[in-house]
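Have a look at these structures, which come just after this line.
Okay, so subunit A shows up in both of these, paired with subunit B first and subunit C after.
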Partner chain A sequence: MISMTIRQLFEQINRGYWPYAIILAHIVLGTAMVYSTPRSSIAFLVLITSFFSLYYFKADIRFKIIVGAILALIVIPIVGVRNIFYLEVIFQVCVFAALALGLNIVVGFAGLLDLGYVAFYAVGAYLWAFFGSQQFYVLHFAPGTQPSNLPFLLPGDAFYLFLFLAIIVAAFTGILLGLPVLRLRGDYLAIVTLGFGEVIRVLANNLDKPLNFTNGPQGITPIQRPTMPETVVEWFNNVFGGMIGHKASTADLYNVMFYFFALMVIIVIIFVTRRVDDSKIGRAWTAVREDETAAIAMGIPLVRMKLAAFALGASFAGVMGVLLAASRTFISPESFSFMQSIGVLSMVILGGSGSIPGAILGAATVTLLNLQILQGFSLYLSELRQSDAVIPLINFAWRDLSTQLDPAKYQRLLFGLILILMMIFRPGGLIPAKRRKRRLASDQATAEQ
Partner chain B sequence: MNRFVQSINVNELIRPLGQLMVFSLGSAIALSGIALMLALVLDQTAVGLALQDKYNVTLYTYTLINLPQVVIDGLTIGFVYAAIALGYTMVYGVLEFINFAHSEIFAVGAFIGVEFLIAMDSSGLLRSASIGMSYLLLILAILLGMVAAGGLAVTVERVAYRPLRGASRLVPLISAIGVSFLLQDVIRLVEGLTTGDFNRIFPSFGNFDQRLNFGKLALGATNINLGISIKSIIVIVAAMLMLIGLNYLVNATRIGKAIRAVAQDRHTASLMGINVNRIISITFLVGGLLGGAAGVLYALKFTRIDPFVGFFPGLKAFAAAVLGGIGNLTGALLGGIVLGMLETFAGSYMGVFTMGAAGSEYKDIFAFSILILVLIFRPQGLMGENVGQKA
Partner chain C sequence: MALLETIDITKVFGGLTAVNKVNFKLEPGQIVSIIGPNGAGKTTFFNTLTGIYSPDGGEINFNGRSLLKLRPDQIAARGISRTFQNIRLFGEMSVIENILVGMHVHLRQSPIATLLHLKGFKNEEAEAENKAVELMHYVGLRGVGNELAKNLPYGAQRRLEIARALAADPLLLLLDEPAAGMNPQETEDVTKLFRSIRDDRGTTILLIEHDMRVVMNISEHIIVMDYGEKIAEGTPAEIRSNPRVIEAYLGRGAVAGQHEEKLS
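Now for the complex of A and B:
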């Protein structure tokens, strides 16, 4: 009932010039709020959600692109450099959005449940971590015993080359894993990919002997970044210095740069995904997803199509891995756990499997929940613990609350709830894929007959 | 009374016992043979010489000395895997669905059992308990773990799987993964709130930590200690009883017949007057009971548990079920025992055989490698028949 009224209201607003006004008002409000109170997460959420109003309201596509570009390329870097934490959050959203888009190809388009997706991310990250650090010269030293003044194997600008190498290496790994296991039925495939993910993590943890490839649980550091010319920093300070309020350092600009890289990867992924989805391969994927037997009967080369999906998804994760290694300058096996894989899966499922805006929405929602809301809740609880407040009625002092109760650490609970609730109540996701929507509609039509 | 005794199908009680014996002995002999052969071969190479330098024993003697303990450890963990694998296999047989949350049902069983014993410990009952009393308490703990895990399994089926029956295959699987993650954190939350610490230790009581020594076996110049800890005996005996009981339930009772009928063809079974929903609930209940008991036994054997304790045993048990042929009860037994043995052998000997390059840290991924190999070369498993995909 209530949702009906909201929908009617939305339809009423969403015509004529109203959308333009609302979008602009939303962006200006968000920017102004973040500008006046740089530390408030509510202000930040208002700004971030302006992307959603940009997506949902009807407006000329050229208007949307221009406003979106201004928002993403100018407003967010400025706001982000003012408070570097926001840029970090947005960078994380972008990284996970890219991963979710990659997994979306495997799970959403081809219908292959991959529970070890993070393994390909790890392959990319360790690829650059090995060649972009001193690790090559550490091969014969146990972790922690290497001399301090080792040279780097490659210059930092080799990063650009490795962005492309990672595509090839990760895709190759995907094919290597896919060849034996893609003949399997869907549920077996899920478990085998899970196992593969764990194998990669255990290898990363233990390949510090006999030759020290990964430096074991301590992880590899420092990893090089591409060079940042001084002139860029100066130019940025000259143009935007007044708006930021303090002098941006090279480190700040590195954050902006990696944010731009992540954005670029996302745009490439979206472009590729859309082109592929409308092509012969995309149709073949849909056929394989809906009914394998029928797909074979139609002459679709099953294993080759599945391999293509696997390799494409893997290559995107590989690129993001290189990006992660360079932006963090440090990686360790912990970042590539099973929980991360399920986290990315829950983003895809929340947004809607097979839907590009859905994957982005899912990634943004889950990451913001993790970084802003759960952590904010944690802070609030620890403040309560330090106060003398008492829960009314049951007369329980907050001070006595166990310190184990730290909401920021309960990500599994969040992922688990998302997966169960979405599967039961909205299997199509928040923004169902168009094709699926069509199919569901026709299902209802036949049911009514 | 007489009629009741007559109605017991003795054959169904003896047959699984024989199978268990054959599987255990067979895998023990086969793996021991392989390990000893490898040791003999590697004795004269750098591997053997390195060991000789370090400890002044030949590789062959080293292998031989450790062998009895390795076999017993392998059997113990193998029986635990078998008990968990039965839960996977029963549900898969009936619903063609991997109950991903089974590993957490196992963990809940372990926690309930251990919490009960810790409560007994803090009330002072454990320290003063006689031997008989401590066995009684252990049995009580196992029963409590079983009841809790069984109840949880039925609840999970009702809440998270039943609404999704009839959807495409991946939908309930994703929901099951969600349940698994949710339960892990719920255990952590409850333990964190009530006790402040989610790593729990199985209290030490009774005579479970002692070893029975059968004396020494002289082989040339070396003596091999033959002995077994009481813990291992308890785990093996309890698991055997459960496995025999389950086998009897499935193969020689009315309910078992109904379960098999539902597994074969759900629609026809319902036409024959079987309440399919009830049978599916019973299947989950039985799987949960076995998982819960396995959890308490696991805690008894390995002492320390945490909320994520179910993850690896669960995956390995699934690998065991696939290895034996999923949906096949005897296969799950075989798979569990073989996998437990293989893993223990690899964990104990791989480090020495590869001169420390790859040791027991790779134990956990050993099961996955076997799983992948089995799925590639014999997807129907060791004992399964090659059946087509059900429509």
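Now for the complex of A and C:
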């Protein structure tokens, strides 16, 4: 009943000029809130969710693109430089959105349950971490014993080349893993990919001897970034300085730059995914997912199609890995744990397996829940603990609340809850995948007779 | 030359010989039926022809070349298409997309052309879509191109499976109990459809069917299987009066009058 009236209300306001007014109001409100209370996570959420009103409300597509571009390319960077934590959160949303989009090809389109997806992310990250740092000259030193004045192997601008190299290397790794395991079905494939994910992490942990490739658990640092010309920093400060309120540093602008890179990668990924999905390969993937036996009987080469899905998904993760390594300037095996794979998987399932907007929404929701809501809640609890507040009726002093209860540490619970609740209430995800409707002029003409 | 020839083809499941040394020749342009009691090995025979099972012995030649050692998708690409006894459509895909999947082997679509939507790609897709609509109409489905396959009524699903199989422009069409579960009117319609497929497109048809009206009406030649063996073959008239067939269907000691009823 209630959901019905909400839907009716939504349809009432989702016509005419209403959507334009609502979208703009949402953006203005969000921006104003972020400006007036720069540290509030609620203000930030209001601003970020304006992307969702932009997506959900009916409006002219040109309006959506222009407003979206202004929001993503101008408003977010300004707000982000004012409070660099926001930019970090948005960057993480972008990274995970790209990973979710990649995994979505493997799990959502081709129906292959891959539990070790971050392995490909690790491959990309370590690729640039090795070639973009001093690690090449550290090969013969045990971790921690190298002299401090070693040169870098490549200039920082080789980063751009490695964005492309990572596509190839990660895709190749995907094929290498895929060849032996893609004959397996369902659960078996899931187990083997889980193992593979762990193998890559363990390799990263232990490849510090006999030759020190990865520097072991300590990780590789410093990893270079592409150069940032001083003039860009000056220009930015001249144009936006007034709106930001303080002088943006080079470090601030690096954050903006990596956010832009991530945005660009996402746009390319969406473009490629849509084109491929709308071709014989996309249809073949769906067919394989629906019924393998029928698909091969229709002439679809099963292993080749699965390999293609694996390779494409892997290449997206590889690119993001390079981006991560450069933006963090530090990489260690910890970033590529099994929990990360599960996290990305829960984003795909939450958003809607096989759905491009779903993968993005899922990534945004999970990341924001993790970084903003759980951490905000943790902060709130620890403030309560330090206060003298008491829960009335049961006479419980917040001070006595166990410090074990730290919501920020309940990530796994969150993933688990998401997966279970989605399975029960909305198996198709928040934005279920839709098949594209075709015009089929010749079919309609005859049907109407 | 025969389009399809099997020599001593055999398939064993554990201790059960599901297909036992079946020799068989199929001339191009024919409509041939395979009949036999439940569990006779008819579907298993289809599955060995299409590479879903690899045979434990014997030889299969299609269009002058051996099919042994080929994967099912390679066999399909050589020109054998099929439908399934228990309908196997891609339920979450639209009717048109199901048919387009059938065209997979004929679509070129290089990666570059796909990503950049080059002219060749667009033309090919548009052509394929038109052809898919034509095929859909040909099998008697209209105005349902965007429906999900799983939402079609049963009879329409059977027809869609046939359209999907035809989309590959096969030389040989294998139909596994295509009239199962249909009412007499639908059965008559699809029987006509099979004949027109052969007459219009020259497609050779091999079908498994339990409905004797269909079999006797449409087949130029009939193969009878029982316990994995081919026990008889011949024209409908010959099969009707073959004592081994009567025995297989009605058991030993059956009187002549009873089988007439069942077989005619």
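In the analysis below, the second predicted complex is superposed on the first by the 434 of 449 C-alpha atoms of A that agree within 3 Å, B and C clash if a C-alpha of one lies under 4 Å from a C-alpha of the other, contacts with A are read in each partner's own complex, and residues count from 1 in each chain.
The working rule: contacts are C-beta pairs under 8 Å (C-beta built on N, C-alpha and C of every residue); 3 or more make two chains touch, one makes a residue touch a chain.
This is a predicted model, so every value here is computed, not measured.
Asks: Looking at A:Gly299 after the superposition, I want to know if it touches subunit B, subunit C, both of them or none. Which is it: first, second, both, neither?
Replies: second
Asks: Touching A:Ile424, do we find subunit B (first), subunit C (second), both, or neither?
Replies: The answer is first: A:Ile424 touches subunit B but not subunit C.
Asks: In the superposed arrangement, which partner chain does A:Val276 touch: subunit B (first), subunit C (second), both, or neither?
Replies: The answer is second: A:Val276 touches subunit C but not subunit B.
Asks: Tell me which partner A:Gly16 touches in the superposition: subunit B (first), subunit C (second), both or neither.
Replies: Neither partner.
Asks: On the A-aligned overlay, A:Pro229 touches which partner chain: subunit B = first, subunit C = second, or both, or neither?
Replies: Neither partner.
Asks: Who touches more of subunit A, subunit B or subunit C?
Replies: Between subunit B and subunit C, the winner on subunit A residue contacts is B.
Asks: I'd like to know which partner A:Pro392 touches here: subunit B for first, subunit C for second, both or neither.
Replies: Once the two structures are laid over each other on A, A:Pro392 reaches no partner at all.
Asks: Touch check for A:Leu113: first (subunit B), second (subunit C), both, or neither?
Replies: It touches subunit B, and subunit C stays clear.
Asks: Quick check for you: in the superposed arrangement, does A:Leu194 touch first (subunit B), second (subunit C), both or neither?
Replies: In the superposed model, A:Leu194 contacts subunit B only, not subunit C.
Asks: Show which residues of subunit C lie in contact with subunit A when the two form their complex.
Replies: Touch residues, subunit C against subunit A: 50, 52, 71-74, 76-77, 81-82, 84, 88-94, 96-97, 100-105, 107, 109, 114-115, 117, 121, 125, 129-130, 133-134, 136-137, 142-146, 148, 164, 168.
Asks: Give the list of subunit A residues in touch with subunit B in this complex.
Replies: Touching subunit B from subunit A are residues 111, 113, 115, 180-181, 184-188, 190-192, 194-196, 198-199, 202, 205-206, 209-210, 338-339, 342, 345-346, 349, 402-405, 410, 412-413, 415-420, 423-424, 427.
Asks: Which positions of subunit B touch subunit A when the two form their complex?
Replies: Residue positions touching the partner: 97-98, 160, 163-164, 167, 169-175, 177-186, 188-189, 191-193, 196-198, 311, 315, 318-319, 322, 356-358, 361-362, 364-365, 367-369, 371-372, 375-376, 379, 389.
Asks: Within the complex, which stretch of subunit A touches subunit C?
Replies: Of all residues in subunit A, those touching subunit C are 272, 275-276, 279-281, 283-284, 286-287, 290-291, 293-302, 435, 437-438, 440, 442-444, 446-448.
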